[in-house]
Amino acid sequence: MINAGIVGVSGYGGGELARLLSIHPNVKLTYVASGTYKGQKLAAALPGFPQKNPLICEEYDEETVISRCDVVFLAQETGFAAKHAASLADRGKKVIDLSADLRIKDQAVYTQWYKAEASSRDLLKRAVYGLPELHREEIREAQIIANPGCYPTSAILALAPVIASKSVELDRIVISSMSGVSGAGRSKHTLQYHFPELNESATVYGVAGQHRHTPEIEQALSILAGEQVIISFTPHLIPVSRGILTTVVVDLARDMTTRELVGAIAEFYEKEPFVNVLPEGSFPATKHTLGSNFVHIGAAVDPRTGRATIVSAEDNLIKGAAGQAIQNMNLMYGHAEETGLTMAGMFP
Amino acid sequence: MINAGIVGVSGYGGGELARLLSIHPNVKLTYVASGTYKGQKLAAALPGFPQKNPLICEEYDEETVISRCDVVFLAQETGFAAKHAASLADRGKKVIDLSADLRIKDQAVYTQWYKAEASSRDLLKRAVYGLPELHREEIREAQIIANPGCYPTSAILALAPVIASKSVELDRIVISSMSGVSGAGRSKHTLQYHFPELNESATVYGVAGQHRHTPEIEQALSILAGEQVIISFTPHLIPVSRGILTTVVVDLARDMTTRELVGAIAEFYEKEPFVNVLPEGSFPATKHTLGSNFVHIGAAVDPRTGRATIVSAEDNLIKGAAGQAIQNMNLMYGHAEETGLTMAGMFP
Amino acid sequence: MINAGIVGVSGYGGGELARLLSIHPNVKLTYVASGTYKGQKLAAALPGFPQKNPLICEEYDEETVISRCDVVFLAQETGFAAKHAASLADRGKKVIDLSADLRIKDQAVYTQWYKAEASSRDLLKRAVYGLPELHREEIREAQIIANPGCYPTSAILALAPVIASKSVELDRIVISSMSGVSGAGRSKHTLQYHFPELNESATVYGVAGQHRHTPEIEQALSILAGEQVIISFTPHLIPVSRGILTTVVVDLARDMTTRELVGAIAEFYEKEPFVNVLPEGSFPATKHTLGSNFVHIGAAVDPRTGRATIVSAEDNLIKGAAGQAIQNMNLMYGHAEETGLTMAGMFP
Amino acid sequence: MINAGIVGVSGYGGGELARLLSIHPNVKLTYVASGTYKGQKLAAALPGFPQKNPLICEEYDEETVISRCDVVFLAQETGFAAKHAASLADRGKKVIDLSADLRIKDQAVYTQWYKAEASSRDLLKRAVYGLPELHREEIREAQIIANPGCYPTSAILALAPVIASKSVELDRIVISSMSGVSGAGRSKHTLQYHFPELNESATVYGVAGQHRHTPEIEQALSILAGEQVIISFTPHLIPVSRGILTTVVVDLARDMTTRELVGAIAEFYEKEPFVNVLPEGSFPATKHTLGSNFVHIGAAVDPRTGRATIVSAEDNLIKGAAGQAIQNMNLMYGHAEETGLTMAGMFP
């Protein structure tokens, strides 16, 4: 049994970790920390848990983590992992961080986009980017995981097959994503996320390359391509709680039919337990992924323009956060990668 | 391992059964039937399942059920169980029916409300009403289960403690419920359920005692009360996919504080694994139950009027249908009642 | 031309006043006040207005109101009208207050429910309760209007015909309402109204006679009945921006068919421009009222229980607030009551 | 007074025409046709209208149109205008068609995309493309209007300033749109638009250049550019009733700051009554346009990529259909263009 702790359990990512870990056959949840709900029942922080659940939210305390946990999930604001991850790892714990702190390997790039000091070079080096479809072997050996962002997971998985096969023009990648509002986090209940302001509305933000997930996507694609990739990324906000749909438009580097494109993507992900490549003519809907760790991918070629459109959908809190973190944990412990994560999407 | 089959897998209730049974540790899903999707992959009928899932939808065939299943869940239109349940049971199968066919024990009452012929007296006698909180022991011995309706589950569980303790006037029970649209079923995609007609709207139906779940609620309450109970029940439709919130207003038969009322309800359900009684001052929200088999209950007394208000919330497709059916199956097989059903509500 | 001002223009009620008054053929909007947006364009506060709109939000200043307005709408928090309405009226202005300050005529009742000092006896006396269907003649002569609350408008209009005709038991009135989230106001963007917490959820509040609109409903019904009426009122919150659906269950004092009941309601409202009584068998949906000043009413009798169910729907920000305020203004100025308010509901 | 008729009044476009024309100061609605609701009250077809509205839905009959109407709006399926518009115009009526029949001027292109016979060359020649911002003078003189599609209106207005000024690469235009479900029409209540299937979901359709609005956008942009423009257009479906958000990513042909770009767009639309250009740093939300005839536009430059992102929002049933049709009617009759259309967006 793995003793697991969650720091930041009352946020949406932390809460989803608690929900999923609670039914994981190899995990015992031994520690949940929340500054906001300290001293209160888990059910006070997470109303989907019953009153009878015995867990109590505690304030973060490193000694408690050390004494009670084998692995700790950090679901905190930016800056927390930069400060605490190294020490936890040095003391023998496995650390899976869901923030952006450890994702960007170039400190200058991090500082430019996040307007804050980057994590130490040493810490960044120890932290493996936890996208199993691309870094499975390193994850198995890792002690610290930088769990990918929600948008990057959807965009990188949509693009990886065509980038790896050099099928597209690297300077012509246009990405448009729509996200549910849980992506904004739970503590950020400002006017713009007030129900009546957002309901029945679609809007855009981070326009013209302002969103911080841009360099994370570029870093992953550049590694795959073997050269610098610069993308255009536009995130949108839509009135749903969960889900990300990402539509990528790329210029094909060579002629290709839709059948060939879909076939190549399906082949690339043939052995992947959580990438669901849809048949030709089918495209994803976020609803089909909600509650599951699957990412769904569909694609088509437009012969008029010589472009391809690749669309991916995921549950931003599962494959885009907590589910992927558990997938990483499974790999780190040598368990079957799917353990505790096989549930199909909740429909409708 | 229990070999289980689902007839009507492409409906919302059937689909939820497939999702939940797929992660049940003691169940192997060996048969899925759907007239609409026969010959197609399960993923074609239920897009939350991955393309790789090997199950194929088949047309209903009793011989196949007999050869492949130990237990069969019937998630079909009214009339199917009346016709097929007895034969399946006679041939040694356990049958759990999610339709209304076997719920109403008085044939005349059934015919009056459903405008159709009732099931045979013998079949009705064999079928146990599968509300574990009230009929656990009979369920353990049953071979045929009449799985309760979604509204009745929420209303009966809200009222059972105060009816059983004779704390309320039996002729003064006013029930108001709100349901998500999945309650209307998947095949019924008429204009009234067309997205733009219903979105951003609240409406009412079955007004003034027209809804067919009325006699089911009355039957259960009458058994508890030991005398005939007649209720007023008004169902509403709200623009959510899942969830039922039921608000009951009752006239108290004797003085009682909110603390006493909540305490009595909590005591009544003390050992129940799936009834989550909220502390004084807290009330349910359907969102907190989605994806879980829990029903949440909150209550308060209004000393001005001498009335109490009891509010329950549930996921209509889980505690109100598929989850309760699996809870019944667990009891029938002597497994721990919670097996495969412990997941907390998906939040947000 | 009537020169009109709005105090509190950036709230949902104030914003709706601005929208509706901007197309009123007899009104010129000369003053808009908002503490939050003072010095900014109206479009900054109300993004549905174009950038070119010349109005600038100002801080509230009585002298400015006096110099620029004939009528002023107060769409402020509780307490503002208590302080400012008398002085504005004394200086010759017509005042229409959308808060609760002037609605409850009994100071002790106000203080009990609002936990605050009531308005002065003199001010309460001058303020006419602005429900035109019941108080049209007094409104015509009024200088100060207490504009009714959103829930009370829907509940009183549903009940008035059967109370006035003494067709129901006065001590057996059970009211259940569902409201869109705009009813909570714009400034109250706390966690409970954060989009992901509320979306796909139904919940209840003010349970067991805690909601402040209760005494307002009782006051109006008591006047109609000629004796004290005590009600049970349960408000619910549903995931829509606008709209209130109110379901009233009453015990009939004498036998009546649905046809007779619907006929009596239709007759009661025969000359009313904004009460839309639906034919037998039809029931309201909030969506059908959105964007309009209409209230829709449907009703049916349940002969099994001897009860009737009456259901009303309205746009809480129009007939439940800003539209009704303008209807009152039209009456005060001797204009046709429908002026500027005839638009049908926006559908879908 | 203009006597106006609507053919197809029970559809979403036709219904919105009825709603808007009913409050137009210069219009009398004299004829409403609906095959589905023939012989029934307008309120039966359009529940936002009160029962007292005297209009009765009739079956389409040319002689009735001739005798009762000056102008007729055709809100029918593809094929109706091709068959009926010429005759109505020949007999002296003004005709405004909301279908695609008369929009595409090249018959071969029409047939390729719509898989149907195109309208006659003569009819296509007589029909003016009714986008007032680009074709105001021709519209004033027109007798037949091809009212633009919803997506094209949003995309063309977003792109017109930068195309007209030759600021962007014409072969690098990538358009991504999200639409509310009313865009699918009212009669099309298939499973995919069943509330539970679509709610809480985002999906994509017409992927890789399959949507029929593509050639309409290209035709308009090509005229503006003076050369053939080929675009990539991806429409998405999101769970709202109304509203289109269109995000355009373009490669800038020359260096430009965000200030210059926004300034150029604002200047281009300086005198336009219904184009609301947002200040630098502000971007549209569909909610801010609902219920209004405004299109909102915001833009920014990404210096990293040399690209610009331009975002527009509109109410698909108003500026994208019925409102624009009335704007065209106003121009055709020499009325002020804004007449009956000045209402601000309904918020929230």
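All chains are identified by letter, namely A, B, C and D, in their written order; residue positions are counted from 1 within each chain.
Going forward, a residue touches a chain if its C-beta (ideal position, glycine included) is under 8 Å from a C-beta of that chain, and two chains touch if they have at least 3 such contacts.
Here the structure is a predicted model, which means the values were calculated and not measured.
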Option in A-B, B-C or B-D whose residue-number contact pairs overlap A-D by over half = B-C
Count the C-beta pairs in contact for A-C and for C-D, then report the pair with the higher count.
-> C-D
CA centroids of chain A and chain C: separation to the nearest Å works out as 46
In whole angstrom, how far does the Cα centroid of chain C sit from the Cα centroid of chain D?
-> 35
Check each residue of chain C and list the ones that touch at least two other chains.
-> 12, 180, 182, 186, 196-200, 239-242, 285, 287-288, 290, 348
What graph shape do the protein chains here make by touch: line, ring, star, complete or other?
-> complete
Where on chain C is chain A touching in the complex?
-> 12, 180-182, 186, 189-191, 193-200, 239-242
Contacts from chain D onto chain A in the complex sit at residues 172, 174, 176, 178, 196-205, 207-210, 230-232, 234, 236, 238-243, 245, 247, 249, 258, 283-288, 290, 298, 300-302, 304-305, 307-309, 311, 313, 348
Listed in rising order, chain B residues that touch chain A in their complex are 12, 15, 18-19, 22-23, 25, 46-53, 182, 186, 199-200, 241-242, 276-279, 285, 287-292, 294, 342-348
